[in-house]
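Just passing along the structure, written as structure tokens.
We call the chains A, B, C and D, going by the order they appear; numbering starts again at 1 in every chain.
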């Protein structure tokens, strides 16, 4: 099975490598072409442009950094639209909002191509291990054909219906994540301020009904005020904002998410936007009485 | 090892049974004495009064329903204080606030006894399976001696220092639980209002970094608007209130917990106080446009 | 002084009438031309199109219902842009967001015209009485020339600098209004639930440091659960959303406004969007225990 | 009419002076007796103890600093209870919680005396000008007899029913005040962060439907980050806490007040508890990006 792959950032590179390792023929492209070298060593071919990749491959996957990059790769000169056509398929796994996804879908379909969005839940490690969770939406027939690809990239894929639903589901998941992070951080701070050992709280939580990988992974570094960016706080806050906007559209009142969002904004105002989203802990601890 | 056990409610009965099964000699007492029968069939002796149990046993454990019951069993006529003395120990595993625990501790110590509080995290099933988490605080020497007991009752015990710390740690844990439940419920409602399938959200969450037993256990019944009371909402809201009060004492600002608490209060005003705490979902869904 | 006036809704009609009464020559236009009749009886001339009004008058004022109407009157066929030119001025007093205002400004200026935005604080009664507060921004020279107009329409005008600042200031004012309304409503509900007479609260508030016309005006009808729409709740909630978005841009954490916004959303979900914004009281009272 | 007056702090002194100026015979007492001197110059008599004052006067008014002082003056040696009896009346105008007020009431009534609570709304200046608002509750007959006194001390008095209702009404008023102060402060900060002049916001607010003495009085000093304590922040936060507790008792969900309370707690954690309650502005501004 021949697959094109556009975008070799941290996530994309790991995903393309997994496809190669599992016997797919992969043609890669990246804006900075030198990033293709390592994949070429493992057997990948290189396309000069997104259009060239699409011309060569029946299926092309994209994993780009943000909505504007995702739009640009499709609509710009030498972009996907120049070669997409009846019989070819485009699967965008970038994290974008529903409107961007719909705009890309419309372009692809207007040329006769098939489209699927497939944002993922999971970061670098699950990408490397083929353990992502894939939130697909769009053309059901294409989803069915893409199952062998998704089986390599992720531990589970979901088909969610019309284009935009994948983006929306991801927002909900990240909103819950942001509120949970605030709940966790408030608990750590209350523990410490009450004269208890917050490391014990981590142990207690990890044994009970609320035990989850995120608390286990982030807790120890939060207690050391270390926040190496796995998922930058400014992106988390943006997702909270978009989730609240989705709630606004549908008249869903979400006071806990709203309070969590304001804490993330406070953290941004403290200059913590580029640190990990767990740095909201600094906003919750706040400035102390001198 | 001979152990007294006061209080044979859902939790206490399961715990006393585990002690019997593991070879302890157990003398039980319960306000309604007939509740002792099943334990007697399994080899327990019966004490006529709390004082009688303490007279007979070196170690006495209590598992009572609320602070007033915990106080009454110690301070009333025929209570623990009448027989507690140098060489005897009292371990109160009831869920009470720090002030109640300190009051009981003072009574026991004034008579020469040793005291340990040991509230547990976990409900009926973990109690039956000996899988509780024990948050002990008080006399360290007594804690060390009680390890064989705790090994039977729980999967893990913690020693947290001075009396009151066990109660406080339990409040923090329950506060995080309450905020998480709100985050979860808001996410379910946003999913449904956005035209997505909330059962898929449950599946996605269960595969990712936020996967936890509580979401897995409560989610499906919440989607059916069913809230059989494992932990009553009014007790959850009381614990949020007490945790916020603890934060107030220590000037810890906790806006997410505060927002969650107001949602639980709204649920109480809707008459949901005796249902499971996951019934806060009804307050978040709210009354709909007719 | 000859002045054009576009838009004769509740506000616009009252404002144009005030100009006529104070000796201005006024040429009016309205999408439904019959709405011009009453003003013609008082001496107004009628323009067939926005372009015709601008052609005839050196100064043209607009008071339109929403951003899309404000854009349409300028950019559509027979619109303002067809006749605006060097020497002519356009003053848009509609309530629009900063982006809309900037877009209109750019169109006017590109044709050589001068532009001022001038959203107002105040509703029907102040419009009739010439007691509006005018939040002007844009071309300072035009503002100075327009003072005689503003003196007739309002009790006070402010010049706030560059285009967009008038819109932003209005959002801040309405955000404070929305939070105050929630504070007031929570207080009324707490009074009633505590067995006190909320009418007494109204009296006490009206005598003290927080006395304000809004509490005085809205309180009595809120106690009767009556919310005749002076300012529709859905518009208030939209302004809260936009103010929070402005805060998001500038990383300003505003937890009280965020909580108030969620209450307005709850009220929308209850079908109260077209009632007065004081109907948020119904969301705060909430469904009661049967 | 002969009146006793216990407590000559800032408020009490101004009130007793007003009684003297209006022709009342006044016998004063203060823990530090030298504080009585100025009043003696204006014609007051001095009582050696609270009991001595009560013995001499048919009506005794108290204006003490806090609940413990209010209790102590009644229940301690040489206190009010030693001389209160059938035919004598006690009016406590101190700001205390409902429970304290009820405890004092019970003591007075058990001796045959009559009791009225009468907390006031207003601070130093209204006290001096006889412009307080009096929230009376307790014995209605005594209230009717006390009207001439209240007419001198305040511009308006209310009779609110049973003892405790005055204290509760005052909590509601102060809760609204705290939420309004947060709404105001968020608005000021949003204005400044958006590049607008917050002094203009003060002017705009003062002309519109939300105009109120508090914004007018506190705004200018808040913009200079000056918070001379008229009403200390820690007392405001305590009143928010008690109002929220009253809401908890009655299952009233108040998310805006809860968010405001958390902001006051944040301000306390920053060491601002002894400054004016408007210092919550510092917590809302927060630490800025360096």
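Here, contacts are C-beta pairs under 8 Å (C-beta built on N, C-alpha and C of every residue); 3 or more make two chains touch, one makes a residue touch a chain.
Small disclaimer: the values here were computed from a predicted structure and weren't measured.
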Overlap of the chain C and chain D neighbour lists contains A, B
Farthest chain (mean CA position) relative to chain B | C
Please state the rotation angle, between 0 and 180 degrees and to the nearest 5, that superposes the Cα atoms of chain A on chain B.
-> 180
Between the pairs A-C and B-C, the one where more C-beta pairs touch = A-C
Whole-Å gap between the CA centroids of chain A and chain C | 41
The distance between the C-alpha centres of chain B and chain C, rounded to whole Å, is 55
Two or more other chains in contact with one residue: find those residues in chain C.
-> 247, 251-255, 258-259, 262-263, 266, 269, 286, 289
Have a look at which chains touch which and call the overall pattern line, ring, star, complete or other.
-> complete
Residue numbers on chain D that touch chain C, as the complex places them | 121-122, 133, 135, 155-156, 158, 160-161, 165, 168-169, 172-173, 175-177, 179-180, 182-184, 186-187, 189-191, 193-197, 200-201, 203-205, 207-214, 217, 243, 246-247, 250-260, 262-263, 284, 286, 289
Can you list the residues on chain A that touch chain D in the complex?
-> 255, 259, 266, 269-271, 286-290
Of all residues in chain C, which touch chain A in the complex?
-> 241, 247-248, 251-255, 258-259, 261-263, 265-266, 268-269, 283
